[in-house]
Amino acid sequence: MIASTREQIEALTPLWQGERFEDGRPKVPDDLVKRMELVTTEEAWGVLRRNGYHHQFEAGWLNLHPEQTLVGRAVTCVFMPQRPDVQQVIQERGTAEGRIGGQNSWVIDTLVRDDVIVVDLFGKVQNGTFAGDNLGTSIFTKTQRGMVIDGGIRDTQRIYEMEGFGVFVRGLDPSAIADVTLMGINVPVRIGQATVLPGDVVLGTRTGLIFIPAHLAQEVVERSEDVRLRDQFGHQRLREGKYTPGEIDRKWSEAIEEDFAQWKTSRG
Amino acid sequence: MIASTREQIEALTPLWQGERFEDGRPKVPDDLVKRMELVTTEEAWGVLRRNGYHHQFEAGWLNLHPEQTLVGRAVTCVFMPQRPDVQQVIQERGTAEGRIGGQNSWVIDTLVRDDVIVVDLFGKVQNGTFAGDNLGTSIFTKTQRGMVIDGGIRDTQRIYEMEGFGVFVRGLDPSAIADVTLMGINVPVRIGQATVLPGDVVLGTRTGLIFIPAHLAQEVVERSEDVRLRDQFGHQRLREGKYTPGEIDRKWSEAIEEDFAQWKTSRG
Amino acid sequence: MIASTREQIEALTPLWQGERFEDGRPKVPDDLVKRMELVTTEEAWGVLRRNGYHHQFEAGWLNLHPEQTLVGRAVTCVFMPQRPDVQQVIQERGTAEGRIGGQNSWVIDTLVRDDVIVVDLFGKVQNGTFAGDNLGTSIFTKTQRGMVIDGGIRDTQRIYEMEGFGVFVRGLDPSAIADVTLMGINVPVRIGQATVLPGDVVLGTRTGLIFIPAHLAQEVVERSEDVRLRDQFGHQRLREGKYTPGEIDRKWSEAIEEDFAQWKTSRG
Amino acid sequence: MIASTREQIEALTPLWQGERFEDGRPKVPDDLVKRMELVTTEEAWGVLRRNGYHHQFEAGWLNLHPEQTLVGRAVTCVFMPQRPDVQQVIQERGTAEGRIGGQNSWVIDTLVRDDVIVVDLFGKVQNGTFAGDNLGTSIFTKTQRGMVIDGGIRDTQRIYEMEGFGVFVRGLDPSAIADVTLMGINVPVRIGQATVLPGDVVLGTRTGLIFIPAHLAQEVVERSEDVRLRDQFGHQRLREGKYTPGEIDRKWSEAIEEDFAQWKTSRG
Amino acid sequence: MIASTREQIEALTPLWQGERFEDGRPKVPDDLVKRMELVTTEEAWGVLRRNGYHHQFEAGWLNLHPEQTLVGRAVTCVFMPQRPDVQQVIQERGTAEGRIGGQNSWVIDTLVRDDVIVVDLFGKVQNGTFAGDNLGTSIFTKTQRGMVIDGGIRDTQRIYEMEGFGVFVRGLDPSAIADVTLMGINVPVRIGQATVLPGDVVLGTRTGLIFIPAHLAQEVVERSEDVRLRDQFGHQRLREGKYTPGEIDRKWSEAIEEDFAQWKTSRG
Amino acid sequence: MIASTREQIEALTPLWQGERFEDGRPKVPDDLVKRMELVTTEEAWGVLRRNGYHHQFEAGWLNLHPEQTLVGRAVTCVFMPQRPDVQQVIQERGTAEGRIGGQNSWVIDTLVRDDVIVVDLFGKVQNGTFAGDNLGTSIFTKTQRGMVIDGGIRDTQRIYEMEGFGVFVRGLDPSAIADVTLMGINVPVRIGQATVLPGDVVLGTRTGLIFIPAHLAQEVVERSEDVRLRDQFGHQRLREGKYTPGEIDRKWSEAIEEDFAQWKTSRG
């Protein structure tokens, strides 16, 4: 098998209690995916950290559209440098499973709406371009979201123009992908300093990418909505000069908490 | 003392003859700060160089808003990796001086309008985020100018949206500042290859940051205004094909100088 | 001689059968230069690769205007770190040849419309700024195209504002060029991992720079126009769901080719 | 399962026809392992290349003992940045399989004589030290060979002194391993630009590391023994001035081949 | 004052209860300095970590003599890029204090036996060579120990030959030190990721440099002497196969502790 | 012509008044080459600097034998990334000039005793190995000196064992040289930050490489012999404590000069 089985994914994500896709990936509800679009990287980071997840963020991306936020459910895959013995084994497995086209197409063929494809190409850019405009069009058409490539893309001028397509890569090159073998689909992958599981919620912003374990997505969204309110309140009070930054930038005093409660009520 | 005393700052900036802030920092006049906004990095660099200042420029920044120019008077501070013995000493000093909040707030609390805070965080980004949106809001509200962090910031999505806020940093991260100790306020700091004193005029552009000693600010502004006129003239004559680049790009001949003098007069 | 002679350039570019400039550089027809503006980096790369040219692309640029495409005919030059003995030899040669101004002006003086100056400054940025706004204005006025500097520029704020001026550099600095000697004009130069000849067509995009040997420019343009049609067709069919990405992203079947032929006819 | 099963390893190494360890790893004969000690990196590289294996070499190591050669059969493992959900799954699996001690001990416990442990720690050095002197002693005692860590070690002063212990790492640090989870034993691992399978023959020299697929080990050893003879002959003839480097450094002429045949015979 | 006063150093090192040099630096007893020579980097790191000191180690050095250990009491100093206004202030202060020679000599003149000079030259190597053979001879003659330069040295061929001289630098260059100003002597300095105080015990090995706060030196030495005994015992038992690495590489069982107690007794 | 003509080399080295090789290269006398072996990098650097040569040193080498000094007369050559049009031109020229073997052999065939080959391979290591053991043997046999490759070598294990062979490279790889074209022999080449001419004296030490223009070789040797005497005197006096480092490390006083004169006389 190239792809993890439903059983394997379930075994890796025992904390997820909700719905799953047929392939076993946790299916964070559409509603949470939608609300995640307003979450900041820091809010997600805070919830993850409180839950003991310290290695879910990765910076250092070429983000084609820093002005937009990328959100979606991770479909993962990993490539390694090609050696003929392994390549032959994988090709035979893929053929046996009825997969067609290049190995990168094998993963793309599994994508559904609101997925984000997350590809470990070990930072390879030259001869490491996971997608050009054909595959890019396909990824965007299927997911309406985007892609995270720890490697490169080609046909950038055209991919750049696909409005709403979220693209995080390490570099750009005109060459085609070569000399790599697809070692797994929906297995745990390492993207820089972060470990990503299938079904994680990807959140990509100007700051970088954070991968949110499915079972923490709800807490992230709800905390964010609370924090957003508190920030709004804090900034307003700072502008008004009612409190000092020192008072606002750490745990609020009881008085401030009361003020906040009143403010929250007063704005309905 | 965490902060330099007025006497210490005066001793370090003996060439400044003008007004000073109460804390001792040279107060380059508001008028010059305003006119500095039109100075280019190269014009400032030229005056500094002629005065023997060769190490006032630093490149390699993540400039959140390359389309705008950052100008202001430097308030400096320096952090070092934390060790408990020193941290305790500093905390006790700060408490004794009545400082409140986190150590980064100690500096921010001293800011006034037209200041630019200049922070040596030795390039630390992960756990090296000097400010998030709360402290960022406070810095911007107080200075109406911006910040230079040889380190990182967090809450970038929100800081990015504060219109007119000049932000030069080394990187972005969701983590909070940690494991560092504030070793001094308004001491000389090293920002990459440049040495910065409190009261220096910071000039940040698309090219990078240049730190102008207070006593040279007037010369910089005046030379710039002259150069600007000469460039305008030179470009016009190049477009007209009256002179070759070779003639314009080095010391002008007497004839060109005369032409310039007439041109200057003719435009009033 | 600082510059290659006509005979030397002809000897280096024997495959070019078309018109040449007086200085010997291949003169790819204006019509092809114009049509090249729509070619993507990948299309050019594909034709070059099929012809055995594997080292004509170079990434890693600071591209001042990523939203526009740079196209033009290369005028090349190379600098080396200065040593007085060589510097004196070169200056005497230049003087004997009637060249005036700084050595960088020697090259600029040779530029004509639709040229792109390609400068090997071995990545030097500090004291390695090939042009400021004076020379920049001159380059743009003469070529209406742009410049590729494996080094730096100064006066970036002003150069940035010259609309339509294509600028690929390695970095920005306020310093002036110093401590280098011009070793040749219109000689073969190495720009990173690529070798560039005078008369090559430069194609610069968001992805990077590709240097197209003059004798391949026509094939590049014509293939691109064909590919563009095929891509348009392929994307349309993918959006319609008529074919899978796997089918479109490799050699088309006979049926698809027929479909394409009909589509091409039907759109006139 | 943490470790690949015998069936999984067999499926990945179908070209190996010889003996296997109980765990499924190809067991290249002891005799070949021994003779491999005289093979150079270039000889192995040449045979691999002729067989289509282009990505088996990796440079950039801190080699504690460059004066000695490391040879042995690979036992592989891979770590990823820790996340609590995955860590818990792995710990439960390990416990269920009766594994004891830290996760790095799980692998070490499987080592036998002439193994070389090959660890993907994604280049982590700080908090990425796979072994100190205790585990180092254990690895050396069991294998009599060495270790390849794409990460760090600690207790270097003592490990350095273990005579005959081959050690290739990325860096040295006093910290202990932390914040990582063992994701697999005897799975394919990526070490920089190379893919390594369990049972590959590791060959480490002053030049770097090359990983030889088990089924090619015999060809490598035999070719090397032939090449060694030819080099000996070529160098002798170069020293004698009988042939030029140009003649010796490419395909030999028939005359030289004859000369070589006679020389080989004459030396018995 | 260029140098910290006795009062300033005392204020920074309140945890040190022992003897001090006249200049205020903690004077860790000669006996401890001597016994420190057998301590490993890891042993010191362990004690520091247990005491909450996480940032005292720095790697990435060019260590001229990796086969020897550098131990001594830190004398610190810090340089910054030169600006004429500050340089003049410092020179006048130095003159007023009766200091002679270049600014680097000012620090060297203060050295005594068993000191290690620790210099923050912000990694500068070209024009950043703190010492050549003259000053190197002087440093070695006075301290009999060595130097830690976060910068460069010159005359390396000769410094290399001074037997017993411990030298940790960032690089080698023939140029002389230039364009820097000495900003302080015996102030806290940042050496990479570590903060160093005057009087810290420097311990430099093949692994890197660790800076031990004076008040922890005794604990480090004593723990090391205990650990050394335990390691000796553990390795012996591993070689004997009495215990597994898993048993030895974590907290020992009661049985092992008893075994150790007996072994310790039996060896007298 | 691939190689510079005698006339071209003479034109580039007009300051050399002495003997030349038939190919035009300055032939610094054998006696000076021999005496150069005792010169340090700093002594050469000092003389070059006083003569206005500031860019003749280059660091960052992998020096196979740091314990020995490399000295010899430079034979230079430069490679560029291959493009078929240029490669064909060069091959035809080489054939016409009667050159045989690979292009790297073309240069090696010109070497004579006491030469050092200096190769600009633009830092390429993978597929950028200028020599293996065959060509290495040839270079060493002909020159008895060594090679400077701004690129890689292969067969390092064997090259390492050639006693007395000086080897400065950028890296090691098992691959063969490929995809490059030899663009010139005995032309000026850039090696990192230095410009090298044919006939320069190469001086390679533990510190790095310095390239001494032929016409300055005598001054370098003679100054070195004087400096060596002065250093010997200075160190002796420092050890005796007669003078302070401050006195010795700058311009000597008249009294010291007199002391030196007497000392020089007294030692005969």
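As written, the chains take the letters A, B, C, D, E and F, and residue 1 is the first residue of each chain.
FYI, a residue touches a chain if its C-beta (ideal position, glycine included) is under 8 Å from a C-beta of that chain, and two chains touch if they have at least 3 such contacts.
None of these values were measured; they are calculated from a predicted model.
J.: Quickly list, by label, the chains bordering both chain C and chain F.
T.: Touching chain C and chain F alike: no chains returned.
J.: If we look at chain D and chain F, which chains touch each of them?
T.: Touches both chain D and chain F: E.
J.: Scan A-B, B-E or D-F for the interface that duplicates C-F, counting it as a duplicate when over half of the contact pairs agree by residue number.
T.: Comparing residue numbers across A-B, B-E or D-F, the repeat of C-F turns out to be B-E.
J.: By CA centroid distance, what chain is farthest from chain D?
T.: Centroid comparison gives B as the farthest chain from chain D.
J.: Taking all residue numbers used at the chain B/chain C interface, answer same if over half belong to both copies and different if under half do.
T.: different
J.: Going by average Cα coordinates, which chain is farthest removed from chain F?
T.: Of all chains, A has its centre farthest from that of chain F.
J.: Just give me the whole-number Å value for how far the CA centre of chain A lies from that of chain C.
T.: Computed from C-alpha means, the inter-chain centre distance equals 37 Å.
J.: Where the centres are mean C-alpha positions, what is the separation of chain C from chain D, in Å?
T.: About 44 Å, centre to centre.
J.: Report the inter-centroid distance (CA atoms only) between chain C and chain E in whole Å.
T.: Roughly 53 Å, centre to centre.
J.: Can you tell me which residues of chain B touch two or more of the remaining chains?
T.: Answer for chain B, listing residues that touch two or more other chains: there are none.
J.: State which pairs of chains touch, listing all of them.
T.: Touch list across chains, by label: A-B, A-C, A-D, B-C, B-E, C-F, D-E, D-F, E-F.
J.: Quick check: in the complex, which residue numbers of chain B touch chain E?
T.: Contacts found on chain B: 11-15, 51-56, 80-86, 89, 122, 179, 181, 183, 188, 190, 193-195, 197, 213, 215.
J.: Tell me, which parts of chain C touch chain A in their complex?
T.: By the definition above, chain C touches chain A via 40-42, 44-46, 57, 59, 205-208, 210, 231, 234-235, 238-239, 244-250.
J.: Would you mind writing out the residues of chain A in touch with chain C in their complex?
T.: 100-102, 105, 108-109, 125, 132-135, 137-138, 141, 154-158, 160, 171-175
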